[in-house]
Structure formats: C-alpha cells, structure tokens
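Look for chain A in each of the two complexes below; its partner is chain B in the first and chain C in the second.
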Partner chain A sequence: MSLVSQVATVLINGLQQGAIYVLVAIGLSIILGTLKFVNFAHGALYLIGTYVGLFITLEVQLTGGKLMEWGYTELGLGWGFLPALIIVPAVVFVVGIVMERFVARPFYDRPDTDQILLTFGLAIVVQELFKILFGGQSYNFARPAWASGPVSVPVIGSFPQWRLYVLGITAVLVAGVYLLIEYTDFGLVVRAGTRDAEMVQLLGIKITRPYLMVFGVGAALAGVAGVVGGPLYAVNPNIGTEVLVPAFLVVVIGGVGSITGAVIGGILIGETLAILVAVAPQWSQVGIYVLAAVVLLARPQGLLGVEEVTP
Partner chain B sequence: MTDEQTEHADAADEGTVVGAAEGELFSLDALMESELFVVGLFAAFVAVFPWVFSDAPVISGFLNGYRDLATLMLIWGIFAMGFNLLLGYTGLLSFGHAAFWGGAAYAAGIFSNLVSSSPILIILAGTVFAALLAWVLGFISLRRGGIYFSILTLAFGQMAYYMALSPMAWITNGENGYTAVEIGSLLGVIDLRYPVPVVGWLVGTWKYVLVGVVAVAAVAVAYRILNSPYGMVFRAVRENEQRAEFVGLNVWRYKLMSFVISGAFAGIAGSLFTIYGAYVPLQSLYWTTSGEIVIMSVLGGVGSLFGPIVGAGIYLYVENIISGVQALTLPFTGPAEWLTLVQEPVVLMEGFGAYWHLILGLVFVLVIALFPRGLWGLFEDVGEAVRSRTGGDR
Partner chain C sequence: MPQANGGPTRRDVVKAASATGAASIASIAGCLGGGGGGGSEDYPALGNYPVEGDTVMLGFNVPQSGPYSSEGKDELRAYKLAVKHLNNGGGWVDGWSDLSADGVLGKTVDYVTGDTATDADTARQSARRMIQRDNVQMVSGGSSSAVAIAVQELCQQEKVMFMACLTHSNDTTGKNCVRYGFREMFNAYMTGQALAPVVTEEYGDDLEFYQLYADYSWGKTQQASMKKFFEEAGWSEVDSVPTPLGTKDYQSYLSEARNSGADAIFLNHYGLDGANSLGGAIDMGLDEDMEIVMPLYNRPMAQAAGGAIEGIYGTVAWDAQIDNEPSNSFTKAFGDEYSGRVPSGPAQLAYAQTLQWAAAAERAGTFYPPEIIKQLEGRSYNNLGMGKETMRKCDHQAQRAVPVVKGLPGSEQGSGQFFDLVNLTSRSELGYGCDEGPAGECELGSYE
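Then we have the complex of A and B:
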C-alpha cells in the first residue's frame, strides 16, 4: 500500500467518522440555537434509533420470526435495512415531538441548569429501560447485505462499502436540512427564532409549530445516525452517552445554530481522531478535547458562531 | 485540611454566635443557625452514625447497613457538599467533577507510593492537586457561561479520563486502576485498620475516625465560607450575575474561586476514597462519576448545607443495599423481619434490585420537575409548615 493511499484511507475514515457526529450534532445545534434548550438526552435519541433499527433488521433472529420460518433469513437481513432507514427516522421524529411538547416546553422558562438536569435524568431513564429490555450486552448490528463487502475505490484501494454509504446518506441529509433552513419559509422562521424568538412572535408568527418541527427533525437526524452508525460500532445501552460528548464538542467548536459550523466541527473532530489513531493511537481520544480547548481559547463562540447578544 | 483548622474555626466563632443572639434571651432560630450548634450536631451525628447504621438493635436490622458503607457515605457526602458549593450556591452546573475526585484519588495514590504514606500528607497532596487542576480547568471552562460551562467541564472531565487511560498509563496503570497504594499509620503510631480502643463499638476503626474528623472539618469550613461575605457573593452571582457585576464585583473571579474551592472539596473526598479502598479505579475519572455526584446533590437538595450529604447517603444506600433486594415485599411480612405480622412474605415486585438505577433515575426526574430544592427542601417545607401550624415564635 503506497503512502498516498494510506493517507487517503485515513482521511476518508475521518470523514466517515465525522459524518456520524455531524448527524447527531446538527439536531443538537439547531435545537440549542432555536429553542435555547439544552438536550442532554439527545444521545438517548441516537440510542433509540440504533435499537429500533437493530430490532427491525434483526427481527428474524430476535423473535424466531416469520421470515425465518419462510426461509427468507438472507432477505430479511438484507432488506430489513431499507425499512429501518425509513421507519426509524419516523419513530424518532415522533419521540422528538413528544419530548418537545411534554419535556422541553414546560422547561423553556426554567434555568439552563434545570434543563440539563432534567434531560440528563431522562437520558439515564432511557438508557436503563433499554438495559432492562435488551440486556447490557453488546449486539452485532449486521451491515445490510447489499453493502457488506469491500469495494475498490480509486487511489484508496479496497474500502468497506458501507462506510461510503454512510458518507452518501449524511451528505444528502445535511444538504436537505441546509436547504430546508436556508431556502424555505419554515427555515426563515427558524432562523429568525434563533436570533430573537420574542420578535418573531411579536410579528404575529406562531412559533409553537416550528419549534415542534425543529425538535422532531433534530431528533430524526439523531435516529438516522443511530441506524447508519449501528453497523460501525458495537451496540449497547451506553452508546447514547458515548456519542453525546463528541457531538457537544462538535457544536461548541462549530458554533451553536450553524449547520455549516456543525459540518466543519464534525469533520475536524473526525479527522483529528482518524489521524491520531494512525499516528499516535494513545493520544487519539485526548486529541479531540485539546482541539476543542484550542478552538475555544481562540474563538469562544465557536468557529462559525455568532457573538451572543446578552439577554 | 486537617482537624486543627476546625478547632480554630470553632473557637473563633463563639464570639459571633453571641453577637447574633444578642437582644434576645433565648431564640431557637438563632441557636439553630449558630455555627457551633450546626457543626456540633453534625459531629454528634458522625459519632453515632456507624453504630446506628450497622449495629443498633432494631434499626440496623431494618436498615441492613454495614460499617464500611457508613464510611463511604461520609466520603461521598464531602464530595457532594463541595459540588453543592458550586451548583447550589454559585449556580454553576459542572459535569466534570470526576476529574477532581478521580484526579485527587490518583494523586493521593501515587503520592502514597512515591513520597510518603502518611494519611494526612496523602490527603494534602490529593487536595492540592485537585485544587490546582480545578484552577486550570475552571480558567478554561469559565470562558463561556451557562450551558457551555456544563459542556466544557464534561469535556475536560472526559479528557482527564482518557489521559489516565492511555497517554499517562505509565504512571496511572491504565485501565487496571492504580493498585500500588500504600497507607501508612496516622501520625506514625495509629494503624487505620485497627478499632478505636474503648469507643470501638461506637465508631469502629481509626479509618472511620479519620474520615469523620475530616467530614466535620469540611462541614465547618463550608459553613464558614457560606456564611461569610465571600459566600454571600456566590449567592449574589447565582441570583443575578449582571447585578453582581454592576455593583462592582469581579464575577468571573468569584466563579473561579467557587470552582476551585469546590474542586478542593472533591479532592479531599477523592483522597479519602484512596485511603478507604487502597485502590484507585479508572472508573473514578469517568463521567458517570460526575453524573452520580450530580444526582446525589440534586436528589438531596442543592442550596442547603446538608441536603447533598443526605442525597449521597440515599444514593449509596440504594446502590449498595436496595440493589441486593431480590423481591420487594410488604413491610413486616416474612420470617426474617424483626416484627412479623405474616409468616409468608407478600411480594410486591420480583427482581426489584435490578431496577434500582431506573427507579433512581425516575425519582431524579420527578424531583427536578416537582421539588427543585430536593428532599432536604421537602423536609424543610414540612418542618416549616408544622412550626407555623403550632404557632412558631416569628
């Protein structure tokens, strides 16, 4: 393997790892930016996404299942993934809406610390529920049959096909959210809400509905991240909290409320991880925190963040 | 923080107590708010606690407690009290206190092996390390307020964990935890493992005495800080940062000092934890430890001196005793109880112990939503209601 292809492999690995963080962080970022609500339970949404996805793809094995009886195991494993990619975002979207209505909304006027504590407690409850339902063990989330093997990529050489799909899915979704926020009336209200929610309401726009949608979309993105990330990492009840900390770092580095910022922050963290894993593995985890510290010391509001107007 | 300091604090305080009660012949409220009374009551509690918890007739049979758990409760109580100085009084929610607890535990353990195994020096080393670490992390984390502070402390706490896990494994022993802890004898003569002569039945070993004395000292110091003008500023910052700024206070500086003091308390507790177990698990740096201290403090009640200590006690009790309960039975049913109504136990819930974390999580969520002042706040409200009903002297 030549040096060029080695470097290229590391870089694309970093890109792929960053993609998962971007998916989780965008929801976190727009919820924080628009609703001013800190969601420590955002990782729990990722967790729900993974387990619901796992349940759908593994239906055959978990229940003994109809498909098994009919002898369609191969089909069930392979094509269970496409339904999962559609059902999971829908399910988590609904979870997000319910969360906004019954968890977040009563707490908009409470102090930040109460919001953090509440969602932190909620994250624990969700995590424990999944531990009781599915046990504390790790599951193997199989890659879909149509993307399980390696594929030959120019320059890089052989590369796991699924990772390319992850990149593709992320790119499409991020582009979609970007267009939604930047070029639709809905996005206009959301962006205005980020700047000054009170003013938006004074202009006669009912902000309740957009708020619900923002929370739902943010949650759905975390859910998708759970499905596409499932086959890449071990699946256990702790993954929700494990993905939360890097996602928060992405938000802090990129700047709250900025989609572009989340993408840049995610890629930065993903690449830092990948490069350090290749060069100095024992420093890989520490590296992302050093990165966050350096960015914050230079630009406290994040790379693309706007200087906060004091409330 | 040695025991000598407490004595000074106590002795010096008598003057102020008299001052506060001046003009009244006898006031229950003034007495209850005096430092001597608060610290004295806590000292009395610490003295009888292990006996009541583990050996007293009837109660201990009901509680199922054991002495080591009593020691552990006090250690976490100190940690929770320090955490509360920050959250309850300054209004800053840190998710990175594991760094100070675990960092001090490591510092104490490594110090005990490389420099001196004297327990008092170990505590000092761990505490100083934690305070310095808090200074550095606070300096960076406090660049942003509110939620960013929480996120940053969480991040730097995790950074400390990964530092100990891998790059510094040559000294921290990586994921196996630090095992080479050496605990010498107190003041060169007292072996901490031995029971105390004469009052051994009450307080148990010297280890508990050491922890107890430090806990009482910590309560005295915390009380002194909170009731001084300096502590009043913390509360002012919590209530309204901008106003505090406008009256000319350097808010940032007070926040940093609050963070450092809180970190130092976590350091005292962390060092005691090393002495307690003669082992430092890597887990002590993981962010779940920060989460536990958050739960303990909030459950017990932030913004009061003793709430978090109560919270720590409840959490550890549930974690260590309740989690072992196989089936939840109706009280006083079944043969093993001290008062038996029915011989056959009436089972309310099978496999109860396995759900302890979930139940605690639910209670935590309910407490935040309904009783922001925690269980201690609930006690206070009930006490207040009773007093006003019975015609209090206000």
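Then we have the complex of A and C:
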C-alpha cells in the first residue's frame, strides 16, 4: 500500500471518528455558550438517542433487565434506519425541552458547581434507569443492510460504508445548524446571547423561548449522534458517559458557543487519535488531553471562542 | 521430565514434611475433637478463620460495570445458583459425595457481592471490604486478569482463599501465583497450544500475522503466547500493537493492521472491547483481506458482535454444547433457575469454583485455609464437564482440556448458541511442566 493511500486512510479515519464528537459537542457548546449552563447530562441524551434508535430500527432480543423479567423478551419496531433518523431527533428534542424547563431553568442563576452536580446526577440516574430496564449488557446495533460492509474508495481502498454515511450525515446536519444559527433571527438571538445574554434581555427580547429552542436543538443533535454512532459500537448504558468527555474536550479546543469551533475541535481530536494510533498507539488516549492542554495554554477561550464580556 | 531444577528441592521436602505433619496433627485433633464443623478448637486463628455463628460467608467480586460487565452478570447468576444448591441441593451438589446439600460443614452459606468495575484498585477495595467487614472465608471473581491478580495478592496477604473465576493471563498462575489462589480456567499459553494446530491446519502453515492486544497483563501474555506457538508452527509475526482497555473505536488500529500486508490478524481483545474490535474489522471488510482469529471468545461478547463472528476461530472457557453429564446437568440447572437461559463459560467457572472450594472444605473437615488448600492441591477430578483434570500443586493451575470453537453465522445464532465446537483439545496435548512456561516463574508463598 502506497504512502499516499496510508496517509489518506489515517486522515479519513480521523475525520470520521471526530464526526460523532462534533455532533455531540455542537449541542454542548451552544447550550454552554448561550445559556451558560454546564450540561453534564448531555451524554445521557446521546444514550437516549442510541437506545430509541436501536428499538425503532430493529427488533431486538432482550438479554437482561427488568423489561425482560416482565416478559418483554423482544422489543423494537423493526422499521429500519431512516425512520429512526427522523423520529429520534424529534423525541430527544422533546426530552431536551422538558429538561430545559424543569431541570435547567431553575439553575440558570446558580453557580457552575450546582449545575454540574445536578446534571451529573441526572446523567447517572438516566444511565442506571437504562441499566435496570434493558440490563447492563451490550446490544448489537446492526448497520442498515444498505450500508453494511466495505465499499471501495479511490486512493484509500476498501472502507466501511457506514462510516462514510456517518461523515455525510454529520456534514449535512452541521451545515443545517450552521445556517440556522448564522442566517435566521433565531440564530441572531442565539449568537447575541452567546456574546452577552444580559444585553439581549435589556434589548427587550424575551429570551425564554430561544433558550428552550437552543436546548431542544442541542439535545436533538446529541440524539442524532446516538443513532448515527450506534452502529459503530456495541450499545450499552455507559456509552453516554464515554462520549461526554471527548465532547467536552472538543468544546474546550474549539471554543464555547462556536459551531465552527466545534467542527475544528472535533476534527482535531479525531485526527490526533488516528495519527497517534498510526505512529505511537500507546499515546493515542493521552494525546487528546495534551492537545486540549496546549490549546488551553495558548488560547484559554479555545481556538474560535470569544472572550467573555465580564459584567 | 528434565530434573535439573525441576525436581524436589530442599525447600519442597521441608514443606512437604511440615504439611504431612500438620495433616496428621489435624487428623488426630479431628478424632479427638469430633471434627467439629467450624473447627475453631483445632487450628489457630488465621485470616477470617474460625467461622463464628451458623453462617459461612463468601465474597463474589465481579465486574458489574465497565467493559466486562456482561460477563460479570452471568458469573453472578452462577454464584447465586451455587449458593442455593450448596444450601438446598440441586445441580452438581446432588452428585458430589463431598457435598451435603445442607450448607458447608453444617453452616448455611451466605454471600456478599462487590463490583470490581473491571478495575484493579476498585476490585481490591471491594475485596478488602468483604474480607474485613463481612468476614468472608473465600473470595471468587474475575473477568479481568489485572483484577484477579490484584485481588489474589490481597487474599494471600489476608490469608483468605481466592478461587479465580475468569482470568486468562499466564501471570495469574505464573509469576503472580499465590498459595491462596487457584485457577480452573486455562491460560493464554494453553490457548496458544490449542489454537495453533487447528488454525494452521485450516489456513496453511506459512502465514504472516499481525496482533492487536489489550494493553494489560492478560493482553500482553496472550500476545506473547500467540507469537510463541504460531511461530513454532511456522507463522511469523509482522507486528503487534497494544490498544488501551476500553477502546471504543478500533478503526485506526485495524487500518494499520491492513496496511501491514499481513495474512492474518489476531484480535486479543475481550468483552465489549472484543465485540467492538471484531465488529469494526468485519465492517471494514478485513475478513476479505486477512484471516481473523479471536483467541479468547465468550458468549456475551459474541452476542454483542452478532454475525461478525461467523467462521472465526477462538477458544472458550466452556460451552453448553460440550455433551457430558456434568455439563448437561449444569446447563439444565442454570436454565431452570433463569427462565431457560443458556449459561456462558464464565458462569460455569463461577459455579465450579464455588463448589470446588466447598467440597475441599468438607473434605478437610474445617474452614482452616491451609487445610482446604491442601485438599485442592494435586487433586484429580472429572466432575466439571471438561474431562479429567488435575489442579496442579506446583502452580495451582488446572491442567485441563481447552474447547476450540468457530463462530456461527448470525442467522444460526440464538438461544445461547453462538459457536460451533470444533475441537475439545485434550489435556494430554496441552500443558507444560512445573519448571517451564508460566509455571517456571511461580513461587506460591506460605500456607500460614
């Protein structure tokens, strides 16, 4: 295999691995940027997205948990992947809105530590709830039949087809959210809120509804990430917490509140992982933290973050 | 057998003499004292001995979270079943003359459970709590060799017995062996011995192979054993790369493996990691370019990997398809208890190890650990469904058969069957002397 194709393989691997983090991180970033709300339960939304997606897509033989004990040995609609891709974001959007209204809103004016405690606790509750209902074991989220197996890609050779779809879906969603934030009135309020939420309110904009929407959209993105990422890994109740830490690193690197920042952060983390695996595998996990630390030292607000307007 | 340094040393002779002495004193004391259940009069206090009250407590320390939690769940089911059978009869207890179906040595068996979280420190804390707070007489558990080694070390210090469940690293009964630990499961060395003839016969005897391995005790000894036995069989290793435990996405590692141009790839991953790496390999069509070998399989992992295991060779701790009386009776008892569920290999190990300990205590007539240890050491048995076995005295490693299996296609999987049993490699074709392989590095430590 030629050097060019090897390098191309590493790069596309990195791009794809970063894609899921980008989807999760965008929501995290705009919620943190606009609402100043540290949402450690964002991974739980990914978890919900994956499981709901799994049960919409396939008929799953349950192998543990209370539901099985109660006699539901098989669960799921078996509708296939595309319906899941439409239904899941809607479901998780609603979950996000409920979460904003009843969990986040009472805590907007509280210190970060309170928000972290609250949302971290919530994440654990959700995770344990899934464990109780579906068991702690892993389920196989089979790839859609039309996208399973490898496909031949120029230069690179054969590449898992599903991972190309992941890249494509991520690109479309990111573009959609970018347009929403950059070119709509809603986006204008969000962007203004990211800069200075207090000033937005002083201008007479009732910020509650945009806040609700921001939370819902962020949640829906995490949900979609869950569906898209589900077939890449075995599904179990810990996946939410596992995706959260890299997603936070993406936000740290890219800068809070910036969509472009999240994309760049995600790609950087994905590529760092992929390149290190190729040259020094034992350093691959450490590498992403070193990357985050270096960015923090050089640019504390992240690569594309804006310095906070201090009141 | 070469006797250069493998024959009995002065130390062994002294140890044997003192052991015989202790045993005869014990038997005399047993006669005089009427062989009382807890035996508190016969032996000095040691570890958690003597047992106070009417209950003897056991500690089941399994991963209930982390990458090996599926295995832990099934182990726990089997432990609970073993306790139930010890107290009330059923399963193997009915056929084992040593066991009474009335607890152990007249005491009711009870248990506490812990979550190792597949992490050595957490596991050690959990075991310490069991030993110090709950006064357990025996700790069992496993699913990660790093965990098993850490816990058995603690058990040796605390003079509490450790009946290892699933741990496959050579080190568990090799350089990290302890007097208080016993292992029924075979190790990576024996997996290599069992797998190499079958796999080289199937794929040819002059292939280049590439290895990915989980970066901890088990993965390292597994990689080394595969290299040793496959190179002896004529294959050559191109490269071997460590992957962190808990890696979710193996795509980059697998791409590197394909770039190496090797003919075969060994995925030395287990549990969820195994499901993810194998799933990733199939997804990228690696099976079209290379032969994939999954040296150590198990059921929860096969379940998570789905149809990806089709045609892929590996070994399992035990499988319900092994058709003999003990295997069938365990499968039935387990199924009766858990609504038809087929037990996994780790479940069989958990059940077997609990009963082994109980039977040894009954034979010893006391809970005094050194006496139980002596009952297990060098014992030959044929009642666990794996044919004739010996729990070797020199390293506490069971010498036993190893099941070699091949993954079934997704469409043929179901109701607990995931593999086709290709070969039950008998123990005469496996194993190693007390002075070679992992056993050569073993120093068991003291009885008391």
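In this text, the second predicted complex is superposed on the first by the 290 of 311 C-alpha atoms of A that agree within 3 Å, B and C clash if a C-alpha of one lies under 4 Å from a C-alpha of the other, contacts with A are read in each partner's own complex, and residues count from 1 in each chain.
In this text, a residue touches a chain if its C-beta (ideal position, glycine included) is under 8 Å from a C-beta of that chain, and two chains touch if they have at least 3 such contacts.
These figures come from a predicted structure and were not determined experimentally.
Undergrad: Is A:S138 contacted by the first partner chain B, the second partner chain C, both or neither?
TA: Only chain C is touched by A:S138; chain B is not.
Undergrad: Which holds for A:I116: it touches chain B only (first), chain C only (second), both, or neither?
TA: In the superposition, A:I116 contacts chain B only.
Undergrad: Is A:Q17 in contact with chain B, with chain C, with both, or with neither (first, second, both, neither)?
TA: So A:Q17 only meets chain C here.
Undergrad: Does the superposition put A:I124 against chain B (first), chain C (second), both, or neither?
TA: After superposing on A, A:I124 lies in contact with chain B but is clear of chain C.
Undergrad: Who does A:L179 touch here: chain B (first), chain C (second), both, or neither?
TA: Once the two structures are laid over each other on A, A:L179 reaches no partner at all.
Undergrad: With the two structures laid over each other on chain A, which partner does A:A293 touch: chain B (first), chain C (second), both, or neither?
TA: Only chain B is touched by A:A293; chain C is not.
Undergrad: With both complexes superposed on chain A, which partner does A:G149 reach: first (chain B), second (chain C), both or neither?
TA: So A:G149 only meets chain C here.
Undergrad: Which holds for A:Q285: it touches chain B only (first), chain C only (second), both, or neither?
TA: After superposition on chain A, A:Q285 lies in contact with both partners, chain B and chain C.
Undergrad: Overlap of the chain B and chain C footprints on chain A, residue-wise?
TA: Dual-contact residues (chain A): 281-282, 285.
Undergrad: Any idea which chain C residues touch chain A in the complex?
TA: Touch residues, chain C against chain A: 64-66, 69-70, 73, 215, 241-244, 248-249, 251-253, 255-256, 258-259, 261, 272, 275-276, 279-280, 283-285, 288-289, 300, 303-307, 414.
Undergrad: If you look only at chain A, which of its residues touch chain B in the complex?
TA: Touching chain B: residues 32, 38, 106, 111-118, 120-122, 124-125, 128-129, 131-132, 241, 245, 248-249, 251-252, 281-283, 285-286, 289-290, 292-293, 296-297, 300, 310 of chain A.
Undergrad: Chain A touches which residues of chain B in the complex?
TA: The touching residues are 87, 91, 93, 95, 140, 143-144, 146-148, 150-152, 154-156, 158-159, 162-163, 165-167, 169, 242, 287, 291, 294-295, 298, 354-355, 357-358, 361-362, 364-365, 368-369, 372.
Undergrad: Going by the contact rule at the top, pick out the chain A residues touching chain C in the complex.
TA: So the residues of chain A in touch with chain C come to 1, 6, 9-10, 13-14, 16-17, 61, 63-64, 135-140, 142-143, 148-150, 157-160, 162-163, 232-234, 236, 238, 242, 273-274, 277-278, 281-282, 284-285.
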